[in-house]
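Consider the two complexes below, in which chain A is the common component and chain B and chain C are the respective partners.
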Partner chain A sequence: MEIRIESISKSFGDVRALVDVTFDVNAGELFGLIGPDGGGKTTLFRILTTLMLPDSGNAVVAGYPISDYQAIRRSVGYMPGRFSLYPDLTVEENLKFFASIFGTTVEKNYELIRDIYVQIEPFRDRRAGALSGGMKQKLALCCALIHRPKVLFLDEPTTGVDPVSRKEFWEMLDRLRQDGMAILVSTAYMDEASLCDRVALIHQGKILTTDTPANITVTFGRPLYAIRTSNVYEVTRDIESYAYARTIYPFGEHLHYTDKREKPDPIELEDFLRGKGHHDIELTAIEPTIEDAFMELAETHSQILTQ
Partner chain B sequence: MKTIFHLLKKEFRQIFRNRAMLPILFVMPAVQLLVLSFAATFEVKNISLHIVDNDQSSLSRDLTQKFLVSDHFKLTGISFSSDEALDDMQRHNTDVILHIPEHFERDLVRNQKAKLMLSINAIDGAAAAVENAYATTIIHDFNENIRIRMADQISLTGQPKVLSVTQSFWFNPELDYKTFMVPGILVLLVTMIAIFLAGMNIVREKEIGTLEQINVTPIKKHQFIIGKLLPFWILALVELGVGLIMCRVIFGIGVAGSIWVVFLFAAVYLLVVLGIGLFISNFTHTQQQAMFLSWFFMVIFILMSGLFTPIDSMPHWAQVITEFNPVRYFVEVMRMVMLKGAQLPDILPQLSKLLVYALVMNGLAVAGYRKVA
Partner chain C sequence: MKGFIIKEFFHIFRDRRSLIILFGMPIVQILLFGFAITNEIRNVNIAVLDKARDEASERIIEKMLASGYFVMNGYLETEDEIEPIFRKGKIKAVVVFGPDLDRNLTAGGIAPVQIIADATDPNTANTIAAYAASIVRDYQADINPNVTLPLETIPEVRMLYNPELKGVFMFIPGTMTVILMLVSAMMTSISIAREKEMGTMEVLLVSPLKPVQVVAGKVLPYILLSSINATVILLLGYFVFRMPMQGSLLALMGTTLLFIITTLSLGIFISTVAQTQQMAMMMSLIGLMLPTIMLSGFVFPIDSMPWPLRVLSNIIPAKWFILILKGLMLKGVSITYLWKEVLILIMMTLALIGISVKKYAIRLA
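What follows is the complex of A and B.
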């Protein structure tokens, strides 16, 4: 096990950033920490990378307790959410600098970063500040990998990156995992969760669940319907007055609907909406996604809190 | 050691890649030395003078003439009424009014005594004091001449001998303000490089987030701090060298003492100033905050350094504060070594105080610097 987190809590004044967080990440595993902004993801990263001390709880990273910060700093790679390389140094200079402060050279670990580095190599003499968003992330990943860490921490690596670069980025992570590296990656994009081996859903500092993406969607456990309509607002309002309606969430141009009954009656719902004057609607049964599971769990979580 | 070397390499690369840096290092000091050294002078020239001559005698004309031949005064008006002269002062046309009352000559000849009045615009107190001194000197001179002349005329044999005092200024025989100011201005230049650039450089890493990345590396606290401060220590010493060369070439002011003493003192002094810069960077999160805080200290340090106003004329509590002002010691030592030719033993008191200061300041700064938040 490369990361073991045992009931870590951290508060900033009255704000409870992390509440009793516990999970493990194995070697060769791509582990996703999924949750909205302000959920406590970055705080957990800062604790695991020894930049911050937890109020309570323990963690072991790469075989060292987090109090042994010197050992951990030698064996982990960290890519903060904010681009944090030297914008006035070139691509190559940044890479060489980070290699040298870890007491290694770019040549020694070149094959580890080769697949990524070849994509930015044409710009090796360009200053890092002048790179595009996707290029910056690739360079940051190279710099975080250059000392061949055992554990890699990536804090929202794909935020603000275009879809093509995002896809490439995840393909690279997949390759690194196959090398046996433990990777903890956080993201607010629910669609990226399915690319992880296992995910933990985090909300308001609490881990809602930890499982494989497939299992999480299975535990959703209810029939789910997508409603397509041109009038999202009106339809949402009307469905809320439908007697059997349980939840209704907007998902892009669709609405996701669950029913209070075990076996919902889609025809009845369609009739109900027609009766309200909505004619251009389309109702289809769909498989739940991680995002549906997240909304469901977050809802239950807040209900527990309010009770 | 190797890590520090890599950090230094990176730091110098960044410093010289910054387009603004070379002008800051070489043009700014040149401009400051040239402009400040000529402008920051206490000599008062072209004092506008208004004479109210109500006597119109030969003696009053003599006195007027004496003022007119002086370089310091230029006549802006002559009138017969004090009101008119004061109006003139209200309109900022004149700084000094000399009132010569009626019967000035008669009283002087008959009673051996006469009165004159000087009115001086004291909005600028320092200038007023200098103007007063100039005018008094001229009147005093005039008085001497009269006595001698009258003694001739009356042939009084029992006239007491006049004791005259002459002055000579050491180390700066012509009381040239440039000689006095230039060493001090050099101190300012070196201080500015150290306090602003070093402090802001560290805060910049905080601001752009690279500090967080650096903190997750095996770089040790002392390595990082040395890597940050050493470049500016070197640059400031280079800057001092450039400044000293400019002093010699442009102003003809060489170092009377040993140049090594100057550099030795500067080396210790810079440790103090860099420590202050580092200390400031511990408590600030943006370059803007660091800039304002540095300015706060800079202004106090400069105004209380004895560079512009003598420390001896400050109130006692202010003099005590200047004991904690590193700039004060460097200004003192620069003047001592450059003008007076002081040797190492002469500056030992200042040097030892600064050494202690450097240790305390850097100790505080290093203790305050946290790698773990």
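What follows is the complex of A and C.
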């Protein structure tokens, strides 16, 4: 096991950033920490990379307790959420610099970063500050990998990156995992969860669940309907007055609906909406996604909190 | 370490603004202070009201103009013209020769020479009057070498170490301290604060680099640059302004290096407190530059300050360095006479480095 987190808690004044967080990440595993902004992801990363001390709880990273910060700092790679390279240095100079502070050279570990580096190599003499968002992240990944770390921490690496570059980025992570590296990656994009081996859903500092993406969607456990309409606002308001309505959430252009009954009656719902004067609606049964599961779990979580 | 220092040089040479501050400012400041901001007088416009019109008055006028301090602006005919010509503002002094000057002088009597100066700027007026008076006295002594002047005590003032009272001798040590303070302390504190502000400090922390290595990597390039600056200033002082170099050159270099390290440790200390570049700059400017200019004895003499400021001046490193510089360059004393000043600077440096290492965060706040 490369990362073992045992009931870590951390507060900033009255704000509880992390509450009793526990999970493990294995070698060769791509583990996703999924949750919205402000959920506590960055705080957890900073504790695991020894940049912050937890208020309570323990963690072991790459075989060392987090109190042994010098040993951990030698064996992990960390890519913070903010772009943290030197914008006035070129691509190549940044890479060389990070290799040098870890006491290695670019040549020694070139094999590991080659697949990524070839994509930015045409711009090797360009200043890092002048790169596009996707290129910047690829360079930052190279810099975090250059000393061949045992554990890799990537804090929201795909935020602000175009869809094509995002896809490429995840393909690289997939290859790194095959090399046996343990990778903990955080993201606010729920659709990226399915690319991970396992995920932990985090919300308001609490881990809602930890499982494989497939299992998480299975545990959703009730029929789900997508409603397509041109009048999202009115339809949402009207469904809230429907007797069997359980949840209704906007998902892009659609609305996702669950019913209070075990076996919902879609025909009846359609009739109900027509009765309210909505004629352009389209109702289809769909498979739940991670995001549906997240909304469901977050809802239950806040209900527990309010009780 | 090597990689870190190379990176630091890239930062310095790619940031045009800081490069101008680093190398342009020292030269501009020295030249400004040396040539423009000076309390010496030169080319002062004078007018003459000559009632004698004899050989003596002519010779005295000749002597005054030959000195380079004065420029003849015209002759007046009557006393009534004196007031209006001062009002016009161009004339700083009027020299009035009484009638029968020649006879009075050769007889060893009192020379009826009057010097009227424009005292709207009192310091300049004083200097002008003193210069003019000494030229007249010289002339008197020239023509009467054997005549014993009436018995009176004339104090002979000798200005030691800077006989011509050249302001630039004061300005060069002063400017050098100010510039080293600015370059070393401000630039290092800003460059460390920049790593914090840009978030790169976060990555540096999660690396095997020790705090000492980060700080040393930041400081070493600036030691080199500051030494270059100090050398440029000293060369300008020596060759352009004829600043004397009485003492040991080796001692001068050693103490300059010591002061550079003192200012760098001040910069490191500031950066342990400041989180942003802006904050580091403000702290350097207000916390370091102002006291260095005001309280180091560079601009205002420390001895004439009220006692709280005199006490405060003791914690200004620049004060001690200026004392060392003056001692070595002007007085030519041996370094052993300056052991107290050197020791104080060493103690200050050690204390600052000690506090900084203790305060240096191994984690984020």
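The criterion applied here is as follows: the second predicted complex is superposed on the first by the 307 of 307 C-alpha atoms of A that agree within 3 Å, B and C clash if a C-alpha of one lies under 4 Å from a C-alpha of the other, contacts with A are read in each partner's own complex, and residues count from 1 in each chain.
By our rule, a contact is a pair of C-beta atoms (placed from the backbone, for glycine too) under 8 Å apart; a residue touches a chain by one contact, two chains touch by 3 or more.
Note that the structure is predicted; figures quoted are calculated from it, not measured.
*Asks:* Considering only touches as defined above, state whether A:I101 meets chain B (first), chain C (second), both or neither.
*Replies:* The answer is both, since A:I101 touches chain B and chain C.
*Asks:* Taking the superposition on A as described, I'd like to know which of chain B and chain C A:Y69 touches: first, second, both or neither.
*Replies:* Both partners, chain B and chain C.
*Asks:* First (chain B), second (chain C), both or neither: which does A:L89 touch?
*Replies:* It touches chain B and chain C both.
*Asks:* For chain A, which residues belong to both interfaces, chain B and chain C?
*Replies:* Chain A residues touching both partners: 46, 49-53, 69-70, 73-74, 76, 78, 80, 82-89, 93, 97-98, 100-103, 143.
*Asks:* Over in the complex, which chain C residues touch chain A? Could you list them?
*Replies:* Those residues of chain C that touch chain A are 2-4, 6-7, 10-11, 14-15, 198-200, 202-209, 362-364.
*Asks:* So in the complex, the part of chain A that touches chain C is made up of which residues?
*Replies:* 46, 49-53, 69-70, 73-74, 76, 78, 80, 82-89, 93, 96-103, 143
*Asks:* Under the stated contact criterion, what part of chain B meets chain A in this complex?
*Replies:* 2-3, 6-7, 10, 13-14, 17-18, 208-210, 212-219, 372-373
*Asks:* Using the touch definition from the top, list the residues of chain A that touch chain B in their complex.
*Replies:* 46, 49-53, 69-70, 73-74, 76, 78, 80, 82-89, 93, 97-98, 100-103, 143
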